[in-house]
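The structure appears below as structure tokens.
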Amino acid sequence: MTKDNTPITRQKFMEEFRRYQKGSITRRHFLGATGLGTAMAVMGGAVPGLMPGRARAQDLGNRVVLATWPNYHDAANFDMFSDATGVFTQVNVFGSNEEMLAILQAGGSGWDVFVPTNYAISTYVEADLIEPLDLSKLPNYDPAAFDPRFADAGTINGTVYAVPKNWGTTGIAFNSSRTGGVVDSWKTFFDGARDQFAGRVMVHDYQLTTIGNALVYFGHSFNSVDPAELADAERLLIDVKPHLFAISSDYQPSMRNGDAWLTMCWTGDGKQMNDDMPEIGFALGREGGEIWSDYYAIPKSAAHREAAYALINYLLDPDVNAREVLAHGYPVADARTNALVPEELLNDPILYPAAESLNALEFGAAVTLTDPNRAELMARFKSA
Amino acid sequence: MKFYAIAVYSFLYIPIAIIALFSFSAGRSASSFQGFSTEWYGRALRNPFVMEALGTSLKVAFLSAVLATVFGTMAALALTGMRGRLRAVFDTLVLIAVMIPGVVIGIAALIALVTVFNAVNPVLEALMGQRLSLGFGSLVGVHGMFTMSLVLLLVRGRLETFDRSQIEASNDLGANPFWTFVQVTLPQIAPAILAGFLLAFTFSFDDFIMAFFVSGSETTLPIYIFSSIRRGVTPEINAIGTMVMVASLILLIIAQVLLRMGAPQAKE
Amino acid sequence: MAQSRIRALLLAPAGIWYLALLVFPLIVVLIFSFGERNPIGGYAPGFTFEQYANLPARFAAFRNTMTLAPLGTIAALLIAYPLAYYLAVKVSPRWKTTLLILVIVPFWTSILIRSYAWIYLLGGNGIPALLETLGLGEFRLINTPFAVLVGIVYGYLPLMVFPIYVALERLDKSLLEAAADLGTPPWRSFLQITLPLSMPGVLTGSVLVFILLTGEYLIPALLGGGKVFFVGNALVDLFLQSRNWAFGSAVAVALILIMLVIVALYTRAIKRFAYGARRDDAGLI
């Protein structure tokens, strides 16, 4: 799996790739021009399970269902995966770990691969919903290449249940032409929502960040389940609610068309909007907030298990992963992938904030997902 | 008065027209028109997810409508002219089925089926290596349960208005009941049955909320559209929507023509 | 004897279907509503009235539903009545069918797509931008109760027009002519003849729309931005986010009870307005 299989320079590759993304050339042309078609064939020979003789392809079946988050993949990668393996990827998009958990708990999700966040994994294990991963089927996963901070949560009691996808932060995206400058504190966020930004602010549609950032506003821990502290957060949220633009985890459309000026925002979404509209900036809340890491996992109910392994393995391939990063703008904790990503991306302040601003951030805690008070607080906030 | 009517019709049709208009937009943005193009139609038709969702929706709609029409018509035949407790029970069931919100039916079916599946799956898996799960079957079942009630009401309505003396005449002439049914009753209620089928089909094809809960691993077209709207939109959704609207329109016209054929007494 | 056996056979499939996917699920909901929330979500067996005691926590959702549903019904009625009157009384027979079909067509196109159109129209680049260009000031329409109301009226208007039209269509026009011959002013004959005779249609339409609105989920979800919650939205949230099946079941039972009360009141009202043997077959379309 070396770069030598690609007989064009990285720069040329990226040019062709951007043209492909914009839709000005077809996939066939792209694969031909970049030599990826042949690369794919070679890779397939080298990596068991990725590509096939016919018999192999039959083992994989022809489909795999992926449950993931909005704006989180490069569609071209799935096309290449199906070209290489004959497995066709169906992508379902969800807006919260709660929703994913609810659907898996109800059974019959139909998913083969899904993308839980660090704090949710132990609950899935406890509820017996995900299976331990057979690492022999994931040769592209090299634990040594990953920053353990963003890989540890996938291992529970020594068993690997999930492998890292991307990491990031949850900060604030602001439209500077409307907000009159950088918004980098939850104080300004929530106070502004009731004042100068009334009717233009969005918060997430799930408990962790919405309640967490309201807690941080008061100087409490992002992960608090203390009833008195949660009561503070509830007061703030209920007070702010009438002045919000929306409660939704899909904030890109509203931010882009100017309806919303300010939103809770994940790293890569901030990067995507910033790339297209430089007036939309991204900053971390000074008081704190969330740092997170997403993982690939396989539900126990997966119907296409072999295809699920093949897909995860494919997406963990550093070349593929690098293309993912270019498309969605979320950092990876994989040193091999980062070696392939353009220098300027690794220096991007949105993707890689200064170390000291990361210090204030907290990983979500598993207890927030199962704490009935936080769940009910969020539900009351939404139905208020 | 006329201007008022024009205003209301504009209210009804301008939003639809705008959807259709933007489906011909050349740009990626679904909110500003950037030159005429049919590109998005091509894309929608080539998009395998759209095609698969469409296929699922059509299969579910067809199968559930066939079952609903057959069983609904059978029940309507039995209930016509019937009295007593059983009739009252069925009247109540039909009323409940059409009255309870789709969201409640969907959730109730979800938790009931999941509870049953969780109970029987360990046994099934041990015996046959199979598991029950939500999907095609539950979609057909829940849609059909609801649309069967619509068919039942429509067909019973027709049965109650038609002239029973013909049946009596046929019986008097010595025809057996089956022959009477085929020769006399069926032609009279056929338009109602067909209209009921189309109604059932359209309902199932358009339904989002029940499918949202019981679709399991299947994706129907409304579910696909809903998640596309949620994750931000391209004119592709407009193209899909426009095609769906045109198709529904054609079905509706067919249904109207059929109903009219069977009701020559309707005033023009 | 043979006849009743045939009847039983004809009824059996429908009966089994209702039992499996209507009666049984509703019984499960009822049982679950007395249970408890599983610590990691879902349902844990139990017998408690806790869930019902907690219903006031969804007061806002019930209040929203019980204000916006009647408002939407009244708005739809006010818009629909003149149109139905126009179609039934004023339009020449040649155009009647076409115009009537044109009212129904939108109803048989996906509510998703139609609500999506209003996301456009009410969003920042739609009507608000237009109003701003006209110098009428800055407006924000999307994600407000108003947006939900517009979506509701738009979604259910056809359902209101049709029954009223059917009632007015049956109106004996010679009555009006007689009244006119006797020198009754048109507004009086409208109030004394037309309006009372169209009441069954008005009632049917209103109840149909009101019932559907009470269980609405999609329109508030798409046009309310997660801020305007109906009971339906609270219900979905309880199953898909907070995973509190027991409380969700209690909310569902409460919603069903509200519907039952509405239907009971409606049946009584219809009986009071029963004019002769007028059959109410307009409710189907």
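Note that the chains are named A, B and C in the order they appear, and that numbering of residues resets to 1 at the start of each chain.
Simple rule for what comes next: a contact is a pair of C-beta atoms (placed from the backbone, for glycine too) under 8 Å apart; a residue touches a chain by one contact, two chains touch by 3 or more.
Since we're looking at a predicted model, the values are computed, not measured.
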{"item": "Farthest chain (mean CA position) relative to subunit B", "value": "A"}
{"item": "Pair of chains joined by the greatest number of C-beta pairs in contact", "value": "B-C"}
{"item": "Centroid spacing, where centroids are CA-atom means, of subunit A and subunit C in whole angstrom", "value": "39"}
{"item": "Chain centre separation (subunit A, subunit B; CA means) in Å", "value": "37"}
{"item": "Intercentroid distance (Cα basis), subunit C paired with subunit B, Å", "value": "18"}
{"item": "Interface hub residues of subunit A, defined as touching at least two other chains", "value": "106, 257"}
{"item": "Residues of subunit B touching at least two other chains", "value": "31, 110-111, 233"}
{"item": "Per-residue overlap in subunit C, given as positions that touch at least 2 other chains", "value": "123, 125, 239"}
{"item": "Of all residues in subunit A, those that touch subunit B in their complex", "value": "65, 70-71, 88, 90-93, 95, 106-111, 250, 252-253, 256-257, 301, 303"}
{"item": "Of subunit B, residues touching subunit A in the complex", "value": "31, 48-49, 52, 110-111, 114, 117-118, 131, 133-135, 216-219, 227, 230-233"}
{"item": "Residues on subunit C engaged by subunit A in the complex (per definition of touch)", "value": "37, 39-42, 57-58, 60-61, 123-125, 140, 142-143, 225-227, 229, 233-234, 237-244"}
{"item": "Partner subunit B, residues of subunit C touching it in the complex", "value": "6-8, 10-11, 13-15, 17-18, 20-26, 28-29, 32, 43, 79, 82-83, 86-87, 90, 93, 96-97, 99, 101-106, 108-114, 116-121, 123, 125, 154, 157-158, 169, 211-212, 214-218, 222, 232, 235-236, 239, 245, 248-249, 252, 255-256, 259, 263, 281, 284"}
{"item": "Subunit C contact footprint on subunit A (complex, rising order)", "value": "96, 98-99, 101-103, 105-106, 123, 126-127, 199, 205-206, 241, 244-248, 257-259, 370, 372, 375-376, 378-380, 382-384"}
